[in-house]
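First chain written, first letter: the chains are A, B, C and D, and each begins at residue 1.
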Amino acid sequence: MLELIGVTKKFGGLLANDNVSMKVEKGQIYGIIGPNGAGKTTLFNCITGFLRPEAGRVIFEGRDITSMPANLICRAGIARTFQIVQVLDSLTVQENAMVGAFCHTNSRMVAEKKASEALDIVRLTDKSTSRAGSLNIAQKKRLQIARALATGAKLVMLDEAMAGLTEAERVQAVQIVKDINSLGITIVLIEHVMEVLMPVSDRVLVLNFGKKIAEDVPSSIVNNEEVINAYLGGHGNA
Amino acid sequence: MNPFQVLIQTIVNGLLLGSIIALVAIGIAIIRGVMDMVNFAQGEFLMLGMYASYWINVKWNLDPLVSAPITIALMFILGVIVYKVLIARVIEAPMLAQMLLTFGLSIVLVNVGLFLWGSQFKTIPNVLVKGTISIGGVMVSLNALVPALVSLLMAGAVYWFLMKTRMGRAFQATSMNKKAAALVGIDTQTVYALAFGLAAACAGLAGSVLSISYYIFPGVGSVFNLYAFVAVCLGGFGSIPGAFIGGLMIGVSDSLAGFYISAAFKYVVAFGIYLVTVIFKPKGLFGW
Amino acid sequence: MKKYTVYILIAAALLAAIVLPRLLPKPFEKHVLILIMLYSILGSAWNILGGYTGQVSLGHAVFFGIGAYTSSIMLIKWGIVPWVGMLVGGVIATIVSIIIGLPTFKLRGFYFAIATIALGEMTRTLFLNWEWIGGAVGLELPIKRGDKLINLQFYLSKNNYYYVLLGIFLLTILAIYVIQKSKLGYYFRAVKDSHEAALASGIDTARTKLVAMGISAFITAIAGSVYAQYLLYIDPYVVFSSAISTRICLVAILGGEGRLFGPIIGSSILVILSEYSRAWLGGGGKGVDLIIYGTLIVLVAAFQPRGILGMVEMVKAKRQKAVVPNA
Amino acid sequence: MSRILKAIILCSVALVLLVSPAYSKVDVVKIGVIYPLTGTSASTGNDYVAAYQLAADIINNVTNIDFPFAKTVGIPSLGNAKIEFVPADSQGNAEVGKAEAERLITTIKPAALMGCHHSAVTKTASQAAEQYGIPFLCPDSTSPALTERGYEYFFRSGPTDNTFIEDAFQFIADVDKAKGTKTQTVALVSEDTEFGKNILNVEKDLANKLGYKIVETITFANNSTNLSSEVLRLKQANPDVIFMAAYTSDTILFMKTFKEQRYYPRAIIGQRAGFIAPELFQTIGKDADYLFTTNVWAADLGVARPIVKTINDMYKKKTGKDLTGDYARAFTGAFVMADAINRAGSLDPEAIKKALLETNLPGKDLIVPWEGVKFDQKTHQNMYGKTIITQFSNGSYKTVWPLNLASTPVVWPVPGWDKR
């Protein structure tokens, strides 16, 4: 469904992504891990059109979407959330989701309906008339997911959807991810909390200093020498 | 004058003008850099600085360059008071509220000036530094050279202060991350008040050196304000060297355009250069 | 029930707006009313771009002036009625706004604001030196007596200017209301709140801003045309002045930016204050009127940064909070 | 917060309520005078008002001078009603000027309006007067277009730019002949508002007609930060004579820059405005010496006519400053108006208009060196307005042209900066 071929992104002299390739199959939950500064978010930005890679290609459903504007990529079917939460503070929760829903409709009624469905999935229905600015961080993260869902995306990319949450909130978030996946939506997750990522992922990509060091099923990843050395070993329980 | 001398003269004129613009621009850049807000009343602080120099001259017959420390101190105090009384209330508010406040403040200050001192143009007679020197046929007016040098020194001093001193680093830390700064024991309110005072003091110094060559009237600030803002944007909001170099660039383009193209269109050219620059570098030359 | 009250309120306000000029016989009072309406339109137009979409323009006089000049030139040079000139002016302003918007929308926040100031000054300089449209000497519009609506010139009854402006204002408000409820309205607000989130929701942010700017410029130009017909004299210092740009923006912010009825509230306060304080205090030549005017702006900004309507909302919210625990 | 809201609402309400009509007493003749009382031209505007007040003092009180209305109280034909000039602030803004004109017309019910210094403001304010059928006498604005509009109620007592510029060229021809110089090249410098552009256009036409070569034409932005490139252009073009139209701030800056660049042509001839503002000498002192300007008045006219000196002394006592061409014109206008109202014998606008049309004041009743005041029946422009050329010397204007009024011999060519 989504394929990256040799994606490379530089910031000045710094190689944020160095020749990264990966392949996500339809219906998968695909995890990306790596220590801070490994280039996970940069890779997300390259895929979703927020950054232009210097080299390499991004292919989505057989279409080359490399360097397409972010809004068109969203229309093509990839929606994302942000590590630093980006909700529309002055709009209500319902309206936030509606903004996403307007991606494929001009009708307010349709948008309202889609938004309600998305809010149901992320368990924010009871907050739908509150201002997004008044939500707590966990709720905001869920609201981002609702907005992404409401766009009708086939692929949802979640940037650290679990970081900074309490244990209970995290369990809820994992459940939401699973629910979304069960609707047939493909998911790419970024986390650096391994314990969260491993159980839910079908396949995991490990980045370190911008380079791909492993891509495999979770059970193999935890036994991979290089991963243990570079990531787990060096940084303990990072 | 041969064409080469004319070119040099035009550039020199531009640099002298640019350094005056920079004097105002640096104050704007400090406030923007530390507090992330824009002070539309900076030009009016300059006006107050000029009047302070003028009245000190009238009452005690001190040359503005001699009385500069007094002017600077007065303006610093004023800046801190303005911050505490007014600006502190909007520091967390949206940009529009900050704009509204400083706009209003500039209207009030201009008209308070009008109320207190009338609208007559005033100049300070018998200043210490005067006359013109000729270097290879290029005329350099000394009382325009003084502001230029002061402007350079001020840019250097402010830069040094922000980069090298403990207090300056506290300013920077605050500008980068307020919460973190508070965590390491920096009182952000104090930093803001001092930064605002510092910016006002810069305007005071600018007023001192400008009052020896320029006329003084309540609306004098607005004459420089727009160019100063454009200079700050051109250099990159918040960057002190950026504001200085932005000022020089505006000055030189004004001067070159005025001579080689047409006096009527020199603003168009200067602003055009600015617009073209920010279109390619949206955060200005040195912006971050 | 609640909707019912709203309708009654709207009807009452409309009636008041229609009757008001009849109750105020003095031309100066009518002049004040006309200015209030004019700035309500201008503030509402600004609000579309500045309030809803979050792009603070300090150069709206550009569009105002283009509107004023287009209809005046068409009337003077070719004898075309101002209503046609008004629409042509609106279209030209829209085109200019897109030309301005394409490069400048890359700029964020203050950078955009300063760029619009610079553009305003540039436009004024160009018009000052453009001899074909009269340059600095300006244009005097031919006086047409007989108060025909088609001429958009009312020699005897100032009320008519007011009603024309009221009509334009109502249309503007209606248009904004419709936009607000539509996809476009959501997109405007999304762009304002978070550029990133907007992009990630499939919004073409640049295009959205251009649309906002285009609508805003169109309405501003229309108001400019009426103003030219009202003053019957324009020159670049009159219609391209930065004071107009600033005032348009102040009107919207003072009332509460991004709110449908913010501009009319802001404009009422600002115009009444500045016109009457000048009338009483301006004769002394001491600037007392402007001190008061500026002080009010400072006070509102310092104590109620979200504008008058923001304040009203806050008071309401407080009351509700106070009520809820008891209930 | 809500206290502030209340305060704001109260203020606004109070503002509205307080707009009550000022009752006009029958025994007072009110005349609205509209000038820039705030903003960049505020000092000029306030000095204008002082000139009107001086006129009112002379008209309303018994003053022991030989001048019309001095020996009587008020307007004799109206039962010695006192005259009152009511100032209004135009802020130098055309829209505000018009609004103030309407406000004055409808609140104080003035017999006539006067003003407004800036031609653009005069245009719109007189429009309002025309609409209401109130006579408008403009003593000061010089834009020729004003009296070409065919307005019924608009009169102008002062000369127009055409007169000033024609006379300035005549002056050059005369002085060339007297001093044996030959002026061939001129540079035209004007600021970019209505005032400057009008003058520039007239100057261009006349220079071409009279065979002067225009070597440089500069329009510069009003209230400039810097004029060095303009001065450099002039220095490079090196004309014999520079014609200049600038307001005060720019005139000051120009003179400073000329000095910095050590440049001076044979002569600089200003067009009033900044060149007759008292602040010019107050700020740049001796550097103003030798500047020429077209003018309508100078204190040294008092040498030949003591009454001129007397009135200047009265003005100086009031304001601490000498009269200038601007204020002398306004003062003259005030008496033209008083004369018309006196002859009309009523406050009816039509009667005053008729009286204005019949105005025929002799030169001896004026403090300006005109043949008199008599309006063209079609344009309502005073046909007898006249220019003098003054040259700055030691802080005052010395009349140097026309030769029969000259108090001092002309200094021509003007010595350069190094020879002073």
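The working rule: a residue touches a chain if its C-beta (ideal position, glycine included) is under 8 Å from a C-beta of that chain, and two chains touch if they have at least 3 such contacts.
All values derive from a computational prediction rather than experimental measurement.
Participant: Would you pick out the chains that touch chain B and also touch chain C?
Facilitator: D
Participant: Weigh C-D against A-C on C-beta contact pairs and write down the one with more.
Facilitator: The comparison resolves to C-D.
Participant: On a CA-centroid basis, which chain has its centre farthest from chain A's?
Facilitator: If we average the C-alpha coordinates per chain, D ends up farthest from chain A.
Participant: Where the centres are mean C-alpha positions, what is the separation of chain C from chain D, in Å?
Facilitator: Between these chains, centre-to-centre, one finds 36 Å.
Participant: What's the distance between the Cα centroids of chain A and chain B, rounded to whole Å?
Facilitator: Centres of chain A and chain B (C-alpha means) sit 46 Å apart.
Participant: Could you put a whole-Å number on the gap between the CA centroids of chain A and chain C?
Facilitator: 43
Participant: Please tell me the distance, in whole Å, between the geometric centres of chain A and chain D computed from their C-alpha atoms.
Facilitator: Here the centre of chain D sits 73 Å away from the centre of chain A.
Participant: Using the touch definition from the top, which residues of chain D touch two or more other chains?
Facilitator: Within chain D, the residues that touch at least two other chains are 38, 42, 46, 192, 219, 221.
Participant: Give the residues of chain B touching no fewer than two other chains, as numbers and ranges.
Facilitator: In chain B, the residues touching two or more other chains are 111, 114, 119, 264, 267.
Participant: Provide the list of chain C residues touching at least two other chains, using ranges where the numbers run on.
Facilitator: Within chain C, residues 125, 128-129, 285-287, 290, 296, 300, 303 contact more than one other chain.
Participant: Which pairs of chains touch each other in this structure?
Facilitator: Chain-chain contacts present: A-C, B-C, B-D, C-D.
Participant: Can you list the chain A residues touching chain C in their complex?
Facilitator: Of all residues in chain A, those touching chain C are 48-50, 69-72, 74-75, 79-82, 86-91, 95, 98-100, 102-106, 108, 111, 144, 147-148, 151.
Participant: For the complex, which residues does chain D have touching chain B?
Facilitator: 38-43, 46, 192, 218-221, 223-226, 228-230, 232-233, 235-236, 248-249, 252-253, 256, 259-262, 279, 282-285
Participant: Would you pull the chain C residues touching chain D in the complex into a rising list?
Facilitator: Where chain C meets chain D, its residues are 26-29, 31, 125, 128-129, 135-138, 140, 143, 155, 231-233, 235, 237-238, 243, 268-269, 272-273, 275-280, 282-287, 289-290, 296, 299-300, 303-304, 308, 311-312, 314-315.
Participant: Once bound in the complex, which stretches of chain B touch chain C?
Facilitator: Going by the criterion above, the answer is residues 32, 38, 86, 89-90, 93-101, 103-112, 114-115, 119, 218, 226, 229-230, 232-233, 237, 264-265, 267-268, 271-272, 274-275, 278-279, 282-284.
Participant: Please output the residues of chain C touching chain A within their complex, sorted ascending.
Facilitator: Result: residues 181-183, 186-187, 189-190, 192-194, 196-205, 258 of chain C touch chain A.
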